[in-house]
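Take a look at the structure below.
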């Protein structure tokens, strides 16, 4: 039934939760583009602190974004849950991203009682706000442990 | 010959390099405990911003630390190099770390012309400064691409 | 130009190559469903030797399949190359597969001069030959080193 | 108490279990070198079918070995259990192994109620039977799901 597939968290709830549970998220100017059923899209603007030698966004900036967008995708299925924690993250950096905002999209590929597994694609934002363009700059897969 | 196995970067050089190339490293109160030949040990104190719900250190805090200590281990072999970049990182979170400083140890397991691969162990600091104790809180493996 | 995007290996060439370079492939009754530009779909029938306790296909059966289909996707771009070798493989087993043929689909997400990176999805074959249905039983990402 | 740290499976039990639960293990001439508490060492001889172009042992041969030795390490802690299954495996191939027997050593780094996590090192056998020498040819980490 389609009413079952309404995301169990709103943009506002996720925004509040990530700021409350992960205080360093405040360093990252994230905005949520969309939440679906087991899917989420986040936009991450950057600050000069996220650049590294060569003028590209740093690896930890993309790891933190991958972790956050997967968290959002998990919450679309299980609802508001501050105690879901990352169990593992595998990230591959594919190209040096230009110093522009990033768009990250996560999709769950398995949701069990104890673990949620998803894939994450990260690319540079195109000319349209919130739209991912061009080749991926990073790809990740990760697992959240559910309380 | 043992003189060949002197680390090709000093504590001071690494400290300067990480602050210069990865400005966000300034958010993390790192200190280098030791540098060997293909090995490095880092200590990471924390700030409240690195805590997450439940009072434990956040996943991104440990990812950033894993990435930094592996970078140090790479530089002990190739010398000062701002343009070595992370190609991939696989991290597994094993236990929720107490809100105490972390010790991370990286060791290279392969150094080629283009890629360096290493393992990273992260544990909570014991009562002695800079000494890793107890079970691992995270384990990672990663690759740096060499310019 | 679209003529540039003709796969640089044919089904017959890949079939010959995998049998010649990886003799154990003969244990796995593979057939190639399709080859695209940076994409490949393989079907793997199974033998009783690939089952494990509980009547499901074994982990190594799926790892071997993931490795083979990624190899095919790489060859669609670089052409016939017996000396491309796997540099790493990260595989996640999502559900126990029923004892039925598997369909695996690989897509390159980066092709450099030295490394090719791709994602692999594995699911159980549906009622139609060569068509992947239902939820994924495994997901992998991997890298091939190019000679 | 040290009596608590007797491996909960014997060499003979593991040998029987792997042949029974994973019939394809019969293709791999494994022998168990030692079992400890959360640790196992396996030796894998090879057949021509495990060689690939260039005269090296194939990737799937090492993946299968990594999976088997981690299984042995898990069983040293939980005892005889045909239904423990691989949840994920991350393997990195570091050097092309010579066509000689391989030695693989697994160590658990976490054992929970539902999941066991371990690291695996693979190297070529030295002149002494069962002894790992030289640089690693592969490194892996993996998770088993416990029933």
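Letters A, B, C and D name the chains as they come in the text, with residue numbers starting at 1 for each one.
Throughout what follows, contacts are C-beta pairs under 8 Å (C-beta built on N, C-alpha and C of every residue); 3 or more make two chains touch, one makes a residue touch a chain.
Everything numeric in this text was worked out from a predicted model, so none of it was measured.
**Student:** Determine which of the two chain pairs, A-C or C-D, is joined by the larger number of C-beta pairs in contact.
**Tutor:** Higher C-beta contact count between the two pairs: C-D.
**Student:** Name the chain whose C-alpha centroid is most distant from the C-alpha centroid of chain C.
**Tutor:** Chain centre farthest from chain C's centre: B.
**Student:** Let me have the rounded angstrom distance from the C-alpha centre of chain A over to the C-alpha centre of chain D, please.
**Tutor:** Computed from C-alpha means, the inter-chain centre distance equals 35 Å.
**Student:** From the C-alpha centre of chain C to that of chain D, how far is it in Å?
**Tutor:** 24
**Student:** Calculate how many whole Å lie between the centre of chain A and the centre of chain C, each centre taken as the average of the chain's C-alpha atoms.
**Tutor:** Chain centroid spacing, chain A to chain C, equals 28 Å.
**Student:** So which bits of chain B are touching at least two other chains?
**Tutor:** As it turns out, chain B has residues touching two or more other chains at 88, 90, 92, 143.
**Student:** State the interface residues of chain B toward chain D in the complex, per the touch definition above.
**Tutor:** Residues in contact with chain D: 90, 92, 94-95, 109-110, 117, 119, 135-136, 139, 141, 143.
**Student:** For the complex, give me every residue of chain A touching chain B.
**Tutor:** 20-24, 26-27, 48-54, 56, 58-61, 63-64, 67, 82-83, 85-93, 96
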